Every structure is written in structure tokens, then in C-alpha cells.
Amino acid sequence: MINVTLAVAFRVLKKSFTNVSFLLPALMFPVVFFVGFAGALSSVDRVPGFDYEPGYETFQFAFVLLQSAAMAGVFTGFGIAQDFERGFARRLMIAAPRRSGILAGYALATMVRWVFNTAVVLAIGLLIGMQILGNGLDLFALLVLGLTVNLIGTLWAAGVALRLRSTQAGPIMQFPIFLLIFLAPVFVPLDLLTGWIHTVASVNPFTAFIESARSLLAGSTDHVAVAFGIAVPLAALFGLWALTGLRSAERG
Amino acid sequence: MSAAAQIAFLGRRAFLRSIRQPGQMTFALVFPLFFLFVIASGLDRASSLPGFPADSYVDFMFAIPFVHGALFTALNSAIELGRDIDTGFLNRLALTPARGVAIMLGNLAGGVALVLIQYCIYFAGGLLMGAHFEAGVLGVPVLFLLAALGAVAIGATGMTVALRSGSAEAVQGIFPLFFVGLFLSSMNMPRDLIENDWFHWIATVNPVSYLIEGLRSLVVAGWDLEALAIGFGVALGAIALSLSISARAFRARMTRT
Amino acid sequence: MSAIVAERLVREFKAVRAVDGIDLEVADGEIYGFLGPNGAGKSTTVHMLTTLMPPTGGRAVVGGYDVVKDGPKVREAIGAALQEAALDPFLTGRDHVRLQASLHGLSREERAVRGDELLERVGLTDAADRKVRTYSGGMKRRLDLALALLHHPSILFLDEPTTGLDPQSRNALWVEVARLAREDGVTVFLTTQYLEEADVLADRVGIIDHGRIVAEGTLGELKAEIGRPTVQVAPHDPDDRDAILRTLDRFGSPVEAEPGRVAVRLDAGHDLADVVRALDAESLKVAHLELDEPSLDDVFLAKTGHRLEGQAEAQPEPVGA
């Protein structure tokens, strides 16, 4: 299974890093969101009640880190659907002795791509004066949280792609994740949201992830236990979703 | 048959093709409104910042779906032109008596017709969210016209790429550029409240800011003639530039005698 | 008058001379087969003759009009079904008919009448209101043909019209093309890489290779140029092989045969009946006897030094009278 995983991951990563048309779109969204939101909205930290010590750039960085983690999974799902449309997936299914390795390969490649994208956004953030108050352990926890969210996104999208096996499934993969990402405290903390969006964000699991990420960047561990308490079972659940999707694809 | 009639026929075809793709249509309608709802709700507290020009963030963001809709729909009409070249449909049209200008503008005309319908939905959606349209009834056609001109400018740029590359994928590839152009503007915050100097500078030199500010002025201020003049000037200038470049690209692509 | 005339027609693309000075003439009402492998210059020639692309040298007159100076008039006289079916998947068959008829200036009544007539003729009446993306390959080709005929053209260009079609769809299209020429007097310029298609449909054939016409004429003329038919015999008793060869030797020259068989190319004045009578007179029993006429592929091989690519396996069926 390890061989299959590494082979599939290598192919996806080679395609991603040697083709600008694959590399740039995946990188573009987190960079543009970060620059666009952190750059334009920094005066939001003057809103009464906004109290985040590292500053607005860091506040947005946490959102972009997790948004890109989740959306990277959607890109992968789209790639899986394309592989089925073009017949390449059949080639993989015939060749791989352990087919769950194919899924693991896609997931591994997505994680590597996300880490690369995050490094780019982090570099931009530091360049524009972003502050990080967390220590090494906090940042490690942040990385693990990001990888877990990334895995959730990948497994969700892979499950859809393996069942529908068509790029027409793109909106089905993308829209729920998009909803979850944006119906969360994106621009201000949860307690500064009002009305229906406060209600929705309060029950949105993505809120726990963002708040945890912001805490870790600020050198605190508030919300971290809740975030992992939600993320790990979700990853397991979507793992099952993706594996049953693989069985569906095998049946044809 | 006159060129206008031919444009109408080809525009009708483009319009029909778009409305028969419900996935695409749904996205073009839902995403801009969703974005409006989310940002306006998420940033509502920011409307209390000193110097904020509108009473609510909904008012401030009301015009943004018009720009998003223009982007998705107009660019899509250019993608379809790329597809027509890819599949040989352009050759089919070239073999008919259709004039070059009709063939070139047919897809765009269909896109503009569609976007005007979308604008009605965005307008209604914004009002339902509690937005207040300061310019009143007379301002509505001005809003629609300015936004439509923006759509034409975007569509003509996309057309240039389609005609030069002969491919739908190449047009899809320029979406990120427009996306960047939108975000690095005064879309989310008034320019004089942008604290980051570097972002303020980018937003100031970005022509998209002026189109957005022109549209926004109708919602927030009513009849700000200066903002409107600049907005129309930017849109018309962009159209003049992009259409002249795409006309050249069309002549190079359409080699019929 | 000739429907199509090309004189020293040339098309260059940077360093490549895709069409290298071809001369051809197609008579009114003729089906002219333009045969050649991929990359020979067939489609480029069609694009020039249909005004989609100007020649870089030479001239062409189609329907009495110069393709460069009178492009719009040429387009009024021609219909074309090019290599790609070039249909919009989200439009119905009827939408396509309406659009194309409108652009050709047909009135609303004419559009309806002519559209229905053509859709019926190509067997798409029932599918007319379905989106083209639900059509099979054969249906798309038939719609393409119908669209090419909407404005009553006198000349029809078909660029590899049956590539990728199943044998049944291919035959159906052949029947319709033959009928168009025979009953409606439409001149058909047909490019193909299928020898059977040229064999079945064309009155005359031009063979193009590397941008030049290497042979032209009726099928009979071209095949006769190559040679006489070959008779091949498999003896019932292998010991009779030599005796059979001696008998056949009286009627022609021995040629290479399959293992265990004998073959001769018949001399002029001798035919299969002579061979059969002679074998019978000698009481020589045969297990198998066949007559091989030179094929277009043999013509192609003789003229170009290589066989035609993409040759179809299907045997041609006679086109209905």
C-alpha cells in the first residue's frame, strides 16, 4: 500500500509543480484572499470589542490557512473526477494491489501542496508585518490542525468524486465547503457577529477550527481541544465516506 | 439581414445555451448574492467605524454582486466563444452570410442580455436584505447601464484571449486575473479607510475601484456626478481598448475571404 | 460549366507548403472523391475552396465565383459539412436549423418548411427537439448535412463525413449523398481517407499526397493504370500445384501467392471464365479460387509508395438505384 500511496502522490505532485496551470490557481485563492482581506480590512481591528493581540493580518491568516486547507481538498476531488472522465483512474485501479493506497496517495499529495501554499502565504504575511505570538508547539499544533482540516476536505471531495466520477460534481464538492468556510467568523470574532450569521456560525464546526487557529497564533490554547475534538471524528467519518466511495467506483 | 438582427439571432443562441446549463446559471446567481449576504453580515460592525460612508454594510456592498455577476457571465460568454473556435462552430458561422461584427459580438450580446436579468435578481436580493437605494427609481437604469458596461469590458477582454488562443481553457485561465483585480480594489472597504499604505496605493491605481465606486455612489450617495463620471469613463475606456484589441484578434482569426 | 476549378492552388503555413500547386476541375453534378492520408492537404484544400482560408498562390473558382474576390457569393452557392460536426451541444436540432436558416436570410415560413423537410429527409424529425448532446455520432453528422443543405446550395463540400461512424450510419450517409447528386443534381466534393467510400460514391477520384495531386480519373481508369486482375488458386490436392500453375501460365504471368497457392496476373483478353474452363478441361480440382481486382489502395501504393492510413475494414454495399 505504501508503494501505491507514494506512486499516486508523486504523480499528482509532479503534475502540480511542473504545470503552471495547475500550480497557480490553487495558490492564487489563498494569496488573494489573504492580501485582499488583510490589506483592505485592517481598520476593522478598530471596531469596539475587537481585541486580538497579534493584529488583523494574523487574524486573517488563520482564516486563509484553514480556508485553503479545506479548498485544497476540493481541487483534489476535481482532479479525481477528471481522472475518471479521462480513463486514467481505471488504469490506477487495475494496477494498484491495494486500492485504498490510491486514496491515501491523493490525500498525501494534497497535504504536501497545502503546506507549500501555506508557506507562500506565510512568507507574504511576514513581509507585510504579520505578527505570530505562538511558540513552536503552538505552531506545530496549528500545522496538525491544518493538515486535519485538509484531510477532511480531501476525503469529502474524494467521496463525491468517486461516487459521481464526473467533473459535473464540482459544485457538489465545492459548495458545502464554501458555505462552511464563509458562514463562520471570517472578518470579526464570533462575539462581534450579530443576527442570523451569529447563530449559524455558533454551530458551524469551522468556527471552532478558526478560533483555535487564531488562539494558537496568539500563543494561547483556547478552543484547541474543541477543535480537535470535532476535527478528528470528522476526519474518521469522511474517511469512511471516501472508502465507501472507492467501493462504489470499483463496482462501476 | 442587418448586422443588428444577426447579432440578435446569435445573441439569442448564446442566451439559450446559457440558460440550458442550470449549474452555471445557479452559480452566477447564487454566489454573488451569497457573497453579499456573508460579507455584509460578517462586517456589519465595521459600518460603525468613523468615516464609514454608508449606514450599513449591506448598502456599502450592494453594488458588488453586479460586478461579480458581470465577471462570471461576461467571461463565460468569452469561454463559449473559445469553445466555438475549438469545435469548429465559428467556421460554421463563417460559412453563412453573417457579418464579422455579428459573429464577434453575438456571444457577448447574449451574455449582456443574461446579465441584465441577473441584475434584476441581485437588486431584489439586496433590497430584501435591507439595503437602501439612495438614487431612487431613476438611478436603477443608470446602475444597470454602468454595470452592463463593465460586463462588456470584461467580456471583450475575454474575447481577445479566446480569439488569440482559440481555446476555452485559455479564457478560463484569465479568471484569476479578474479575481485579483476585484479583491485588490475598494470592493470591501472605502479607500480612505484602508490603513495599509501599500493596499491603498494598489486600490487607487486599480481601475476596478472606480467602476465599483461609481456603482456604489448610486446606492450610498444618490447622485455623485463625479464618481459616476469617473465610473463611466473607466468603463467606456476599458471597452474602447478591449474591443479594438479583440477586433484585431478577430480579423486574424477569421480568415474567410 | 465546371462547378469547381482550381489552378495551381497553393497554401503555405510559415515553412510548410500544405497544398503545393493543385489543379482540379469538378463538373456540375459530379461526385468528386478527394482521397489522401492524414496531413495530405485535403482539409486545407477544402478550407480554401469554401473561402474559409485564402490561398497563398494560384486561384480557385467555385460556382462561377472567385474564392478570394467573391467570397460571399461563393458561400451562397455552397454548403459544407466540415471535419468537425461543429454543433452546439445545448441547442436542439431545430434550434440549429432555425439559427442557420435565419443567417441565410430565409423567411420565417421558409425556415419552418425547409427545416422540417430536411429534418425528415435525414431522419431526425423525432429527435429535432432534443439537445444535440443527446445525439449519437451518426445523428450529429446527419444534422450537419441537413444544415449544409438548408439554403439549396448547388455545391456541397463534405470533409471526411463518415470518420468515426459505425458501418450502418456510414451507409445511411452514403445513400443520402448519392441521392443528392443523382436526383437533385448537387455537385459533391468529398474528402475521405476511406477507400471504400471513394469506391462507392465517387464518379472521379483525385489522390492527394504531401499537398500534390498524384493521380486523377475515374475509378476504372485508375485501377486499369495499375494492372490487370489476379487469379489465385488453392489446389484441392497439393500434388496438383505444378499442374495448376502450368495451366494458369497460359493466361497470364505468375505472381507471388499465399503459401500453398498459385497466382497469375491475367493478360489482356483473358478472364476468369477462361481459367475455370481450362482447369475443368484438365480435370484439376481446386479448393478455392478468387479473382482480385486492383484496389484503390493498390493505386495509392503505386502512386505514392505507401498504403493509405486509416483504411476501413468494412466492405462497401451497393448504393440504391
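Letters are used for the chains, namely A, B and C, taken in the order the chains are written, and counting of residues starts over at 1 for each.
Just so it is clear, a residue touches a chain if its C-beta (ideal position, glycine included) is under 8 Å from a C-beta of that chain, and two chains touch if they have at least 3 such contacts.
Values in this document were obtained by computation on a predicted structure and should not be read as measured data.
Touching subunit B and subunit C together: no chain. Looking at contacts between chains, the pair that accounts for the most C-beta pairs is A-B. Relative to subunit B, the chain whose mean Cα position lies farthest away is C. Measuring from the averaged C-alpha position of subunit B to that of subunit C gives a distance of 49 Å.
If you average the CA atoms of subunit A and of subunit B, the two centres end up 30 Å from each other. If you average the Cα atoms of subunit A and of subunit C, the two centres end up 57 Å apart. The part of subunit B that touches subunit C in the complex is made up of residues 1, 6, 9-10, 13, 16-17, 20-21, 84, 87-89, 91-98, 255-257. Against subunit A, in their complex, subunit B makes its touches with residues 23, 26-27, 34-35, 38-39, 41-46, 48-49, 173, 176, 179-180, 183-184, 186-189, 193-196, 198-199, 202-203. Across the complex, subunit C meets subunit B through its residues 50-54, 67-69, 71-72, 74-76, 78-80, 82-88, 90-91, 95, 99-100, 102-105, 131, 147.
Per the touch definition, subunit A reaches subunit B in the complex via residues 21, 24-25, 28, 32-33, 35-44, 46-50, 128, 168, 171, 179, 182-183, 185-188, 192-197.
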